[in-house]
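Next, two complexes with subunit A in common: one pairs it with subunit B, the other with subunit C.
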Partner chain A sequence: MWDVRLRVNPGEIVCLVGANGAGKTTLLRAITGVLPPRGEVAFEGRLITGRPTAAIARMGIAHVPEGRQLFPAMSVRDHLELGAAFVPGAWERREKTTEEIFTLFPRLHERQHQLAGTMSGGEQQMLAVARALMARPKLLLVDEPSLGLAPVLVQTLFRTLQEINRHGLTVLLVEQNVRQTLQMAHRGYVIENGRIVLEGTGSELLANEHVKVAYLGL
Partner chain B sequence: MLIFGVLRSGLYSLASVGLALSVGVIGIVNFAHGEFLMLGAYMGYWLFASYGVDPLAAIPLGAAGIFLIGSLTYRSAIQRVLRAPELNQMLLTFGISIFLQNLAIILWTGDPRVATVSYKATAVSLGPFTVGLPQLLVFAVAMTLTLSLYAVLGRTRIGKAMRAVAQNRLGASLLGIEVDRVYLLAFGLSTALAGTAGLMITLQLSVSPFIGLLYTLKAFAIIVIAGLGNINGVIYASLVLGLSEAFVEFYVPQGGGWAEGVFFLLILLVLLVRPQGLFK
Partner chain C sequence: MSGRQAVQVLALAVVLVAAVAFPFWANRTQPYYLQIAINIISFAILALSWDMLARTGQLSLAHAAFYGLGAYTSALVTTRMGLPIFLGMLLGSLVAVVVAAGLGMLTLRLRGIYFAIGTLAFSETLRVVTNQLRFTGGATGLVVPPLLGGQRVPQYLLILAVLLLAVVVSWMVNRSRWHFAFTAIRTNEAVAGAMGVDVVRFKVLAFMISAFFAGITGAYYAHVFLFISPIEVYSLAVSVGALVAPIFGGLYTTAGPILGAVVLRVGEEILRSTVQRGYPIIYGLILALVILYMPRGLIGVWASVKSGLATGRKETREPAGP
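On to the complex of A and B.
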């Protein structure tokens, strides 16, 4: 990756769009230390470059990773509990957070005793987001939540993300589903071959000629 | 016969559940597992011979001691091969096994030693059956400890974290779980469980530097029968092994000797017929 300069302000939904292999997932992984970053990553004014993933998670950055990375033989309840278990402050508030999450995702409430491995793709994606939210993060990184989901479910999920954002959560969303994402985001970045080629507000990018041709098929 | 098989399976569960933990959580096939059991047995023997501590009363101290030795082994050796090819990992643990065995020979000679507790020959009647008190005590304590481990894994935060790490390392670390510390804990616990089984062996059998290998092999048989990584199946798999051995002892002429080889046959059968394990 080169020349990547990306900023997420508190309270924003920022999206990062681009084609397959453009480097979106790599960028998220560099932020949470899953991959060693060459460059600098700062969170709340402090450099977090090179810190272990678990330490970054405990600082308040929750990452909904590509492929969801759930625990197939554990129940929905166990996932939610683990989401809160090791983040300072989250454990004490787990009951309340769980209730809020069951309001956001009634489906997970119905399935709270089901094992993650036996759930549908859409339910698993909801669980992955819910598990991350249990940490009461300050920043939520979401990697391609729409992958493999039916369009109706994508809409539901996006609406949920917007609602969570209205409650004050900052979101960095990586997506290939460009139109819907840009409609929802406050600001966006377009990444191509490991470089950020465009940035602007969601509506600016939607109106941009390059975006129209390359990503919206207009 | 049944009752002997069942009683024996208690110790087998405890001796092998640690190996299942090591394989299941860390993915390390520890060939030195039996040597930690042997160290535990010597600890039991010396505490008894020098200070008159009953091996069962020595469990907390012995378990803590072996936990420490196991943790040091993890930090100094195992940790370095986590990403190495499996062959390297096996060679390393095999080396640790040889090292510990020879260390025991140097420190305590190769002579078998016997701890004769006062109730060694005491028998109790269970309804129509008469069984040795040591056997009964060992079964009860071993089962209690194994079931407590299940409870820890099933109910507590740290136990769930261990299962989470076993199922998805990346997913777990993104939740703030320190994978390396979970591994350290799992390995220490794994060796401590083996050590505890060793402590209890001193109630029934003699202790020598060479007792480890047989238990490593039997523990392997049990985790293969249970299905690799299936910790909950260990109790049932131990029962299968315990009962099969008792069966051979009773019904095969000169079965006492043959019984010790039953686990080979079971590994073979399970791998041929149901390689994913009987209880998975």
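On to the complex of A and C.
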């Protein structure tokens, strides 16, 4: 990774788009401390470089990992409780957060006693987002939620992310689905071969010639 | 639901009363049974404590190491320093806990078979070292003073109390938030970390809890059987036994490892007395069949029977229900 300067302001949806292997996931892992970053990562004005992943999670950065990474033998309800269990403040408010999540994803309410491994891809992705929300994070990192989902499900999911954002949650979304992502995001970054090559508002990037040619096939 | 819970509580109470009353009966009529019961309970504690560590995904072959450390520490401080036996047993389990914390830190990054081999190497090293040291009595072993004046009934009640403590700890682990941490770490450490679970802390903590019970059981063994040697207490049979019972009974549960330990030991006794020759072959065969065809152990069979009954009942009661 080189020349990566990425900033997410409170209340924004920022997206990071790029091709396979461009470094999107690596960048997220550097933020969450799974990989040690060589540069600096700051959150709410404080440097968090080199802190352990669990400590970063407890500060209010929740991560929806690529490929969902659910626990197949655990029920929906257990996933939600796990999401809140180790974040200060979130555990005490878990009942209320669960209610909010069930209004956001009624499907999960219906399936609360079902095992995660037996649900469809779309439901699993909802659960992965819901599990992260249970921590009542300030910043939500979402890694390729559209992976393996039907287009209609992707739309629903993106609408839900927008709704969560309207409730005040800051979102950093990593995607390969460039058009839909840029339409939704306030601002975006384009990453190629480990470098950020473009940045701008969603509509600016959609109008950019390079983006059009390389990612939108126009 | 509350009716069923009442039945469960009642059943537990009956088992408990029977377990407490048992030695008073056995001591008069069948002292040999008392001996077997002590063996079974010790084995159940080892199995349950091994399982508590396994819940974090750490499949250890070092249970004999903590068992042996407990036995040798207690034997040495009571014979060489003249400390009281209870203090010796406590020190034995504390040494096991401290060593477990160290081993836990060292093996943090090992997974699966590599973790198992690392822990096995540790256990074998302890055995070889103890075998060579003059201080520990070398290969000849140590003669150990008897616990509670060698009276079997109080000895039995003491180990029963230790088992109850292990059951309470295991139950609390499975009922509290820790359960989520253990399960998440076992399934995917990276994701557990992203959920705010302090992976290092929980893995080492599980190691320490597990070693505490193995250590105290080892110390108890020394003071009940009055003689220990490296080949006996650091034996691979102890480590393997501690992992076979949970697999047989049902992993990651409180009842499974205990059930597994009881059924295996009782079955072994029955086979030993009925099929004098070659009983280990039959024993091994039964074990292999259970592991092949009952992957969730005895508890898993019970659970599927129960859920089968429950759905059957529901269908007859509310045929049109959603």
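One rule holds for everything that comes next: the second predicted complex is superposed on the first by the 218 of 218 C-alpha atoms of A that agree within 3 Å, B and C clash if a C-alpha of one lies under 4 Å from a C-alpha of the other, contacts with A are read in each partner's own complex, and residues count from 1 in each chain.
Methods note: contacts are C-beta pairs under 8 Å (C-beta built on N, C-alpha and C of every residue); 3 or more make two chains touch, one makes a residue touch a chain.
All figures in this text were calculated on a predicted structure; none of them were measured in a lab.
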| item | value |
| --- | --- |
| Combined model on subunit A: subunit C and subunit B, fit or clash | clash |
| First (subunit B), second (subunit C), both or neither touched by A:A85 | both |
| Partner chain(s) touched by A:E199 [first = subunit B, second = subunit C, both, neither] | neither |
| Touched partner set for A:A135, first subunit B, second subunit C, both or neither | both |
| Which of subunit B and subunit C A:E12 touches, first, second, both or neither | neither |
| Footprint overlap on subunit A, comparing subunit B with subunit C | 32, 34, 52-54, 57-58, 62-63, 65, 69, 71-74, 78, 81-83, 85-87, 131, 135 |
| Residues of subunit A defined as touching subunit B within the complex | 32, 34, 52-55, 57-58, 62-63, 65, 68-74, 78, 81-83, 85-87, 131-132, 135 |
| Partner subunit C, residues of subunit A touching it in the complex | 32-34, 52-54, 57-58, 62-63, 65, 69, 71-74, 78, 81-83, 85-87, 91, 131, 135 |
| Complex interface listing, subunit C residues touching subunit A | 177, 180-181, 183-184, 187-188, 190-191, 193-199 |
| For the subunit B and subunit A complex, residues of the former touching the latter | 157, 160-161, 163-164, 167-168, 170-179 |
